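Chain lettering (A, B, C, D and E) follows the sequence in which the chains are written, and residue indices restart at 1 in each chain.
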Amino acid sequence: MTRNFSRLPLILLLLIMSAPIIIMYAFLLIDTVTNSPPGSAIPNAFTLSHWRFLYDPGATGDIWGPTLTTILFTASIVAIVLCIASTAGYALSRLNMPFRRFFLAGVLVMHAFPLVTLIIGVFLVLQFIGLYNTLTGVVLVKAGLMLPFGIWIMKGFYDTVPWEIEMAGVQDGASRFTVWRRLILPQVKPGLFALALFAAIDAWGEYMLPRILAPSSNFEVLSMYLNTVSDPDSTTYNFNLFKSVGLFYTLPILALYAIFRDRLMTIFGGGTKG
Amino acid sequence: RDVTVKVWAGGTSESSMYRIDAIKMAADILSREAAVRGDDLKVNVEGQTWTGWDDFKQAVTLAAESNTAPNIIVSGHEDIGPWSKSGLLRPIEDYVDLDAWPLNQIYSNLLDVATFDGKLWGIPEDAEARPFYFSKPHLKAIGYTDEQIEALPEKVESGEYTLYSMLDDVKKMQDKGVVENGMGFMPRPVNGTDYWQFYQSFGGEMTDKETGKLLLDKQALTDMYQFFVDAVDKGVVPSTYLGTAWDSWHDAVAHDKAGAWHGGTWHKAEWETKWGLKDFFGQIEPTLIPAGNARGRANTITHPLVYLLSTTGSDDDATIAAELISIASEPRINALHAVKSGHLAIGEAEAGVPLYANDRWTTIATEEFLPHANSIPNDPDFGVVWKAMYKGLEASWTKSSSVADAVDGVETEVRTTLGDKVVIR
Amino acid sequence: MQIALKDFTKSFDGHTVIDRMNLTIEDGEMLALLGPSGCGKSTTLFAICGIHRINGGQILFGDRDVSHLPSQKRNVGVVFQNYALYPHMSVYDNIAFPLTIKRTGKTEIDRQVREIAEMTHIEELLARRPAQLSGGQQQRVALARALVRKPDVLLLDEPLANLDAKLRLEMRSEIRRIQLETGITAVLVTHDQVEAMSMCDRIAIMSRGEILQVATPTDMYRAPETRFVAGFLGNPPIVFVDGRVGGGRTLQTERGLRLPLPSRLEGLPEGQPISLGIRPEHIGAGGDAEITGKVVFVEPQGRETLFDIEIAKGTALRSIQPARDDIRLGDAVTWSIDRDRLLAFGADGKAL
Amino acid sequence: MQIALKDFTKSFDGHTVIDRMNLTIEDGEMLALLGPSGCGKSTTLFAICGIHRINGGQILFGDRDVSHLPSQKRNVGVVFQNYALYPHMSVYDNIAFPLTIKRTGKTEIDRQVREIAEMTHIEELLARRPAQLSGGQQQRVALARALVRKPDVLLLDEPLANLDAKLRLEMRSEIRRIQLETGITAVLVTHDQVEAMSMCDRIAIMSRGEILQVATPTDMYRAPETRFVAGFLGNPPIVFVDGRVGGGRTLQTERGLRLPLPSRLEGLPEGQPISLGIRPEHIGAGGDAEITGKVVFVEPQGRETLFDIEIAKGTALRSIQPARDDIRLGDAVTWSIDRDRLLAFGADGKAL
Amino acid sequence: MRMRSYLIGFAFLSPALVVLIAFFLTPVVLTAIFAFTNMSTSTGISGGAYVITGNLLTHLKDEGVPPKIADALSKTSFSVDPETLARAKAAGTDPQFLAEIEKQFSGRTFDDARSFERELKGLRHRPRAIRDLKLAAGQFELSILNARFATAAEARNAIDTFLPSVPAETVDQIVQASYTGWRWTTANFGQLFANPDTWRIVLNTIFYVATTLSFTVFIGLFLAITTFYLPTSVATAFSMLWLLPRLTPIVLYAVMWKWFTWDGGFVYTAAKALGLPAFNYMKGSVPTAWTVVILINGFIGAAFSMILFSGALKAIPVQQLWASEVDGASRWQQIRYIILPHLRWPILFVTSYQTLSLLSSYEQIWLTTNGGPGRTTMVWALEAFNTALNNYTGNLQYGLGAAMALVLVIVGVTLSIVYLRLFRFDELLSRPKIEF
């Protein structure tokens, strides 16, 4: 930007508006290492006791099992979304087929319409294929939910790959599949990466689906684990402990985000435009 | 032979873990009995609990649809209606010997509660009362003497002391400054059977005695809604009260910040173990729920949980599960749950178990409240009425609609959904 | 290999872009498809290489009818305007790609890649990524990749459009050299007349999906068959003066201006509408006739200077001459005009 | 208004791009900033209009020091390379924008917009959106918008770069006409020598943030002060031959080749290193000396033909001549060379 | 030839099609189907059985079934006679036990299971396990009550066998009425329409969507524009900050808001210190509850729109901004005349996209106010969810819930189609350039 305008008033205004976020997240950090009761602005003694859940399953139950489950859960979703979205996005962006228009419109409509309200239907489908109350089922549903978005994003990325590369590949004698795999896919790596990140963040935080579709599964994910810690009916409710677990749960996302921020942003710029 | 029996329990917090643990103990006993008999049988129990009811019932229902329901379900007796109708339950009477120990000593009225359509579907797991509580120090602050306080339960029972008397008293407490404004009266903060007690206080009945159909008494409903609106108008409870967190409620009532409230007998256990309540009897006076007006009566509702046998699994599994339920109903084992969680005994013999008999609270509850207790119907359609009733209560309480409109809304909803399956008066 | 388009027709969404075009490219020849933007040059090229389906006619490679074969089976090499190098592969891998696809052996690939790299002078660049190359180098890589599989025909779509002036000059001769060296049949699509004239054996000039003239560059410049062609070639462009044949070998405009007609046009009926094309280099550089006018615009261009001379109200001729600064804006000048090199066109645009 | 840069210095992130540049643009003059890409032309322009802050020195508009004023207060008109029209406004609104900002009255705005639209010949386009205009029309609108507020100076950043060849030719004279008509002081940034030469009163030639020479186009072409300037101007470019002063008015290359030196250079010490610049138009077009060589490249360009003649192994000269096809590749030719128009530079690159 | 290229397209698309059909299309279709049923917990989802119960027969008396027949059908008895003995034998009852039964009780009838079982328990060869005893006893039962018949025919058959004298219409009527599964009905919509509560929720939903949306768009715009004018480092810091709500797992995010607004929470404490009313801001009053709901969702949405707007801002050719500055525009004028017009499409996009997400999202509300206080912040999607799947009474009304969901689906699809038009969908679809 040019420096024809002044900046300080803007920064002040922004700070005021961001106050709730700053406060909430600052105390999220502070409260995990102090004993301040909710609402007290000045933290008292420093303590690591709220982190004892890391080694002491007695505090809130074993956390490493759910952590591992969540990692698996997230990884599977990411893998499925990437595989399917990268092929379907390519088809919609580049390949000749009847009803292409219809498919694309369908993806767009679905993309805009989250499915949680149709959960009974989803339940029946899962039950029908025998995956109700299994993590596999939830993985499939969650991946399915993200697909329209993923396909849409990938289509956007494919659209930016010059046709000439594809034409050159075909001229060089490669089949469309080879062209896709060896020439086009490498061009949309940033898209794949961004989508993977996005899917990972989304899957990592998922709460509704495991809760409804796998309530008693043997594998608990962290969101459900965290919710048991936060149960407002429980009289042992402890904000500080909850926040520690919550922070533990959120850190991977924050880390991913902080490290790959720019890459992640491409998805918002690239995908959701009109 | 290794058999795994799954048990799910709803509305279960740490103090009521014996709902599951009793089954585990039973499994141990059953395995040992088998070993003594020389049978090769090892029974494992997989328990899962939910602290709330919404998630639990959702999970059970969906699991049942996908044939993965647990073998034993611990839920409120009112679920027997819909669940038996949908084929989720086996009638437990086909699996257990009611003439033999320990089931033959269970209170027959509790068994009646677990009976639907002429069949016994579940074995009661606990019983309870849902008393009204007064703060003794605050009563004294507005001029009650010790004797008057002691006489209060009787005055309530006789109908002399009504809900409106209570409103006046807590208002006085607030005016006196011993209770903060808006904390005079602290009803249960969320939906629950308790609210049917107020309906009864104003003369409402849940079933029509003649036809056996569900009954909606508009007058009682109107009076009951009006009562809470009056309470709001008096300033003893906020209009936005419903939905308050349990924690805030526990904190207030256990630390003597409220004037009067109501809850379950089991809450005493929670206040003592989790909220540091030292002198329950010195601080709190329990009574029945007072009558609301001349039409109604002082009452309390017992909402027994029952062990239910699901249709999941083989008949053999069900047989074993049923045996576990029988064993878990042994007085000594069940008394662990009753005393630990502040619930009431399910049978005569249990009342004699020292752990239970020596407990002052359970004794009071059993003797003073249980005789006046009734329960909600098992009718599969009762949930519709209940949901409508609570919606109407929320609407009028928050003043989003007038009492009359709220009652009309309930009537419309119940009538359109259930038609003539319900008698509306 | 000789390439022939027979009644080639192409339409997009029912809109016919090219209607029954016929064109033959001789074996080993480099032919330019020259025309303004949107005239169908790229469409023709894409039809030849099999990216577009043709809607009618035939495309023959030698005797083989390839009209309905997909690109993969046609064996053509294409150099795209933006090179279309595979950005994630090294130069080596880019060039090797067509061979890898054919499952050629490793050592054979290596041999062929190095051979073509040597020919295109990019031996030192093989390890780099396309992004690390200058435009001209990328162009060479694209050329190498197109040639490595020994295609029957080489197609170039505006190969120099993305290069800067200096590189363009250099790559022009470079591409021509390689084409001559390999003896491959080639088609060059361009809208730059200099490119077409300097690189190709013959030029096919196109307008609105039609081929107007096919000829060698010199013939086409000297003897354009139509007014369009005359106007398209030449920089600064030719100036046309419209009028009718007047008394004896002159052109008379409506305003009464008279200009000499080439002697070869004697015998045209008096009064016939005619359009005279005068190239700037034919004014002021000797000749047997003269024109007089006022200089209305002077543009020094370094080596040369461009003048606009108003010879009558509203009619200006253009003259280009070696740089001179003796003439200023507004001067009246009388310059020679080479009447026999003037071009003349009939009302139908055809050369007379 | 006279514009003066005094010791103007600009750095980006500590990296100095322009170091103490001095330049004066006279009132009413149009000056070209000509130089290769990245030499700092745009940077200079942006400093003048206040988009960049300067790191040192002064910028004077007449007597007014504007060095530290924001753009809004400088009263300059700028035409950006891509026109930077506001796509969501009609042409009228685009032009009216600078006046609207100043809260000029409606009728006054209307008068001024129509006046400037007339001058730029876009009266009929006022209702359209920029997207509905051709490149040349957009260019005119941008010009109109820059001029409507009667700026003290008009800055043009590569205004013709995005136009096609024909339009470029046309807009060249158009911009110049408007500049002359308004008499505004103007700075034209370009890397195209023809543009600079044909449009401007003077050219300032830049390289790496430095101004090498400021002169009129003709002077600069004829008498470049440095080898860089000589090489930068001229199309086809000049060819340099390096060597030393040999026996009597000749240049001797290392390989023993001899070339005549201009007569004005008599008296140079024998053996002094020297670089001779030979422009293609000075070979084969008359002159008092001759060179002999073999034609190694022929490029017909329509009106003219370009030849590369190898006069010794590894040394080729270039000649451009009116189109001729009597010479073929490989022919041996002997052509005249105009020795007095040859350019010569010393080892330091300065003209001798 | 052409077929071949189509096949490639479908091959690439098919994995997505499978998943989307399974998890989008089928649920939508199922929801549409359920919406026209009275499906609930007690009817079950996957179908019912035919069960004749005592209560049913009592009820049927009102419906015109002759009391005599009803009473006769509701009889249960255990009878030891040759027929039942043969049945027991066929069922594999221990012969010795059977012999004992025949000897002791032949010709006797018992009125209820318990008395019969008590008698059986006295026999020497009784099975040791009570379950086996009951199974054996069951063979002697004469009753049609409480048996689950899978099909209507079986039920009809059972009645005919049990009481052959019942007229066929009555049998039909009973069998019809005994079906426990769901039935087709359009009552769900009538009920929704008739219920005043529905309209309150509709209003709530409109209010919620409109206010949250405005918050989202305005704050997003404000953030995008301000950060646009700031140095990258500051801009990055703020945009990272504002993205946190979107990234934080919802369970944690909801609780952080509780911490912030709860009794004794941050706002509470701060308000108290400032002498302002201190109470549970999330649930303690309707205006604050709405404010909190809007903020919770608005903060998430603001991050989203900020990113989109920032992207669009970056796409504005910087020369246009320079040009406007050179033309003399102040910052506000630049925003007003150059920047905002550029953001027209992004704003429209955010508006439409967020409308849809807000309409159908409820997790945040569910986990925070849960529609409270009272039902003042209840919105359509949450009510649908509660009706269909999640309520205290456990009375899950799938049919009604599906009807509510269907309304959302229809609204959503309609809006989407409008938006597709609006966004010139055709421009998104370029024709494949390789035609083979």
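Simple rule for what comes next: a contact is a pair of C-beta atoms (placed from the backbone, for glycine too) under 8 Å apart; a residue touches a chain by one contact, two chains touch by 3 or more.
These numbers were taken from a predicted model, which means no experiment stands behind them.
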> Could you name the chain whose CA centroid falls nearest to the centroid of all protein CA atoms?
Replying inline: A
>> Relative to chain D, which chain's C-alpha centre is the most remote?
In response: B
> Which chain pair shares more contacting C-beta pairs: A-B, or A-E?
Replying inline: A-E
> Approximately how many whole Å separate the CA-defined centres of chain B and chain C?
Replying inline: 93
> Any idea how many Å lie between the Cα centroids of chain A and chain C?
Replying inline: 54
>> Can you work out the whole-Å distance between the CA centroids of chain C and chain E?
In response: 68
> So, what's the distance in Å between the C-alpha centres of chain E and chain B?
Replying inline: 27
> If you look at chain B, which of its residues touch at least two other chains?
Replying inline: 55, 58, 65, 245
> By residue number and range, which residues of chain A touch two or more other chains?
Replying inline: 2, 4, 124, 127, 167, 170, 212
>> Going by the contact rule already set, what residues in chain D reach two or more other chains?
In response: 50-51, 70-72
>> Residue numbers of chain D touching chain C in their complex, please.
In response: 164-166, 169, 172-173, 193-194, 197-198, 217-218, 221, 233-237, 279-281, 285, 297, 299-304, 306, 320, 322-323, 325
>> For the complex, give me every residue of chain B touching chain E.
In response: 53-58, 60-61, 64-65, 75-76, 78-79, 81-83, 85-88, 91, 93-100, 117-119, 190-192, 211-212, 238-245, 248, 315, 319, 322, 380-384, 386-387, 390-391, 394-395, 397-398, 400-401, 405, 408-409, 412-413, 416-417, 420-421
> In the complex of these two chains, what residues of chain E are touching chain D?
Replying inline: 317, 319-320, 322-330, 333, 337-338, 341-342, 344
> Considering the complex alone, what residue numbers of chain A touch chain E?
Replying inline: 1-2, 4-5, 7, 10-11, 13-14, 17-18, 20-25, 27-28, 37-41, 80, 83-85, 87-88, 90-92, 94-98, 100-101, 103-110, 112-122, 124-125, 127, 129, 140-141, 143-145, 147-148, 151, 159, 163, 166-167, 170, 176-177, 180, 201, 204-205, 207-208, 212, 222-223, 226-227, 230, 239, 242-243, 246, 249-250, 253-254, 257-258, 261, 265, 268-269, 272-274
> If you look only at chain E, which of its residues touch chain C in the complex?
Replying inline: 1, 433-436
